[in-house]
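Paired with subunit B in one complex and with subunit C in the other, subunit A is shared by the two complexes that follow.
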Partner chain A sequence: MKRTVDVSIPVGPVHPCWKEPTRVKCETRGEFVLSAEVELGYMKKGIERIMRGRPWQEVMFLAERVCGICSVIHNMVFIEALEKMSSIEVPERAALLRVIVNELDRMQSHILANFSYCYTIEHETLGMYLLDSREKVLDELERITGARITCAYMVPGGVRFNLRDEDALHLRASMDTLEKEITRYMGMFEHGPLIALRSREIGILTRDAAREACACGPTARASGLPESDRRLKHPTYQKLGFTPVSREEGDNFARIMVRFQEMLQSISLILRCLDTLPVGPIRGGGIPGAGEIAYSGEAPRGELSYFIKTDAAGRVLEIAIQTPSIMNIEACCHYMLTGVASMADVPSTFVSADPCIACTER
Partner chain B sequence: MALSLLYYAQEFFRWEWIRKFFAAKTAPLVIPSYFRNYPELTGKTCTHHLFCMMACPAPGAIDVIHTPEGWQPRIHIGHCIRCGLCVEACPNGVLTSGRILESMFYDNTKLSFSFRIDVDTEKCMGCGNCAVACPVNKLIDAQMSYGGHASTEDLLLKVSEGKCHVLHVEKCTGCKTCENHCPNEAIQVARLLEAVHAPEDEV
Partner chain C sequence: MTLLQSLKNFVRSKSIHVAYVDVGSCNGCDVEVLACLAPRYDIEQYGIFVHNNPREADVLLVIGAYTPGWEGKLEGLWDKIPDPKVAVAIGNCPISGCLFNRPHTLIDPPVSKHIPIAAQVPGCPPRPTEILSAILSVAPLVYRDYEVRKK
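== the complex of A and B ==
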């Protein structure tokens, strides 16, 4: 089909709104975007190749360094895959502590994503408020695990550190403050008329399109696909009675609101974990053996899958990581960006899908 | 327009915000006590088990050197990723970092090492370099002859019937000397790390 295209406008790879380098090439007529294409490959690390031939205690740290924002879930999925492969049991207390740390990590990742979006639509005040809340979450992570981002908290058969009573009290107190703050910021976002002008009805991803593009995570849940949440299949989350949030609109506004709602949901999950935290051991022991497994978990951005093959001594022979962002980037450039009325909405639509380029290129 | 001005006014003319605006102070830049920083020496005696070096995931971040005061681990700051595995793996509590040592004591946790030796019989040609080089064998049978043959069965490694055999794997210290001396890459030592609760008598 012949189309009249005025100009192909590149956005990136260096752009003030983007956390990581990538280029979006938009074919436009006037300012109307006819189609878009994403160019990746500015920061390939080859981390899967480095992982090969190494034991779990080395691969665990490499897996964390795949992504700087959602490092805990990489650790968790890798370790849980090894546990499932070698049938290692996890004590109940350790399983709940894992959920606490994972949900804290999800909160800080969602806050950063929403900050990024607010910054892109030029609402820096709300963005800075969100970053202030993120510090509280990171402080809690540091209190429990000893580090803010690369926590290295989970090991086969349990977790590394116990949650102390004084830390549990501190965590409860800051969850209460965070709940108040995030509810307030959510209200600001929901009712702000200028925000609505930049967000509502922009970058629409319909339910069928989301399913076709295999979108996952908050991007899919904003288009009315709550069943895409992998936490529904996780035994600890099932025990906690987890139900995913979802919205029907499928626009930029819905994607950010889903993240806000998930933050509140994370807070309630953490409080539920703290209420039901039993006293007991935090490590069950167990050495990963030979096997082959494909396992996935829910990262802040969607489904994260690990394929692992190990030898009898527990060394990783083959490893393949599939990260959620690649599906969301495809959904973004083929469905959300097509039909965007103004070039100014291109960065904000792209950022609303929360693309993590470090994950995507590994 | 009026709505949004009203909205911003509502946001900023709050007593809480105004007080914060005039009285906010930057938090002092201190490293909290619970931060898992670079490992430091506690002053306890190092017994040269080298578990810290074996557990370390970063290449070249830690080594154990001989000083006039005895063996001592040394951290290379630029290479260390502050994971804290060396602190947990040390059987004597020589290193400390953040609250790791303290919480190991309270929770009774530790990282324990076990070793596994795999001999590929297809590749092994029975030269005995591994058995002769093995430092554990040297302690048990200092007279071990060239070729790795010996009369005692207490050894860790021994060559019999033209192949290397692992007799007592529990004696292995994980030094990988055999692996480094094998001309055929037939012998491989795996260091298996396990996160466990320490037995009561060790604490």
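== the complex of A and C ==
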């Protein structure tokens, strides 16, 4: 079929709305986007090449620096894979502390994603409100783990620091404040008429398309695929009675709303953890040995998988990482951006899929 | 120095445009630069405007160790920034490559091999306050006696 293409417009790699460099090439007819293609390769550092042949104690810190925004989940999946491979038991208190830190990290990542979206559709006020809330989440993260971004909190057999009673009280108070704030911002986003004009019915990813593109995380859940959540298969989350959220619309609005709902869900998970937190040890001990395993967990952006092969000394012989953003970027380019009515909606649609280029290219 | 020149120095140090470019970091420093925008740190109260347009920028924040994808492109970006300009390296990566600078890596640090770097903020990642104080300490130097120096 013959197509009439007016002009091919590149967006990026340096763009005011994007945190990281990537280039989206859009073929357009007038304002209408016929097709889009993403060009990656600005952030390739070769982390997997560096990791090979190194002891797990070093790879732990490298794994955390695959992605700076969702560093806790990279740490968690890597350590839990080692634990499962060498059958190391984790004390119950440590398992719940891991969930608390992981959910705090998920909250700050989702807030950042929603800030980026609000900033892209030029609703700076809501964006700044959200960034202010993010600082509160980071404070709690810093109080528990000692660092804002790269915490290295989890080690095989447990966690590094205990949650003190006064910190638990502070965490509970912050969660109450955050719940009120996020409910308010969610209402602002849901009922804002100008936000709806820029978000509803734009960048639609249908349920079938999401399944075909293997979309994951909030992007899939906004298209009605709640079963894509890997937390359903995690034993601690199963014990906490976790149920994923999902929406049916599949547009930009739904993707942002799913993130808002997940923040509220994270708050309730943290409060449930605090209620059931038993007194006991936080480190059981255990040394990773030889083995081979594929293990996945739910990152803020979707399913994160690690394949690890180690020798008896604990050196990592072979490692492969699959991060969620690559599927979402492809889903975004092939389904969401195709048929977008205006070039002005291209950055906001791309940002609504929350692409993380650093962990895509590693 | 004339009175006009000192007036210019003062006024211009209160109006700084910042662009940031990520040349291969883990994203941790990017989010700390974004955190500077938050109402708690409020970078705009110092007259610093963060946007990502190199053609209007005075200060370029370079984040990350130099990856092969940026070969030639970072220099091109640096040329596009109008004079006077400074570059500030944020984080360990542009200074030394941090923990990515190991055998079999693809990166090529330090960034100062490729573009002139005026200030460095070490840390993995540095705190937003440190980034803020680095920008504030180079801000008065960008334009100081620019007309005199140009002659």
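As a working rule, the second predicted complex is superposed on the first by the 362 of 362 C-alpha atoms of A that agree within 3 Å, B and C clash if a C-alpha of one lies under 4 Å from a C-alpha of the other, contacts with A are read in each partner's own complex, and residues count from 1 in each chain.
Please note the rule applied: contacts are C-beta pairs under 8 Å (C-beta built on N, C-alpha and C of every residue); 3 or more make two chains touch, one makes a residue touch a chain.
None of the values given here were measured: they were computed from a predicted structure.
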- prompt: Does the superposition put A:291 against subunit B (first), subunit C (second), both, or neither?
  reply: neither
- request: Determine, under the contact definition given at the top, whether A:143 touches first (subunit B), second (subunit C), both, or neither.
  value: first
Task: Could you look at A:44 and tell me whether it touches subunit B, subunit C, both or neither (first, second, both, neither)?
output: second
Query: Touching A:152, do we find subunit B (first), subunit C (second), both, or neither?
result: first
Query: Between subunit B (first) and subunit C (second), which, if any, makes contact with A:61: first, second, both or neither?
result: both
- request: Report for A:19: first if it touches subunit B alone, second if subunit C alone, otherwise both or neither.
  value: second
Message: In the overlaid three-chain picture, which partner chain does A:281 touch, first (subunit B) or second (subunit C), both, or neither?
response: first
Query: With the two structures laid over each other on chain A, which partner does A:313 touch: subunit B (first), subunit C (second), both, or neither?
result: first
Message: Per the definitions at the top, what is the overlap between the subunit A residues touching subunit B and those touching subunit C?
response: 61-62, 150
- request: Spell out the residues on subunit B that touch subunit A in their complex, using ranges where they run on.
  value: 3-4, 7, 11, 32, 34-36, 55, 57-58, 81-85, 88, 97-100, 103, 106-107, 109, 114, 116, 118, 188, 190-197
Message: Touching residues of subunit A toward subunit B in the complex: what are they?
response: 55-58, 60-62, 142-143, 145-147, 150, 152, 155-158, 160-162, 164, 188, 191-194, 281-283, 285-287, 312-315
Field: Interface residues, subunit A side, partner subunit C - complex
entry: 13-21, 41-47, 49-50, 52, 54, 61-62, 65-69, 71, 112, 115, 128, 131-132, 134-135, 138, 148-150, 356-359
List of subunit C residues in touch with subunit A within their complex: 19, 21-32, 34-35, 37-40, 51-54, 64-65, 67-70, 73, 77, 98-100, 102-107, 124-125, 127
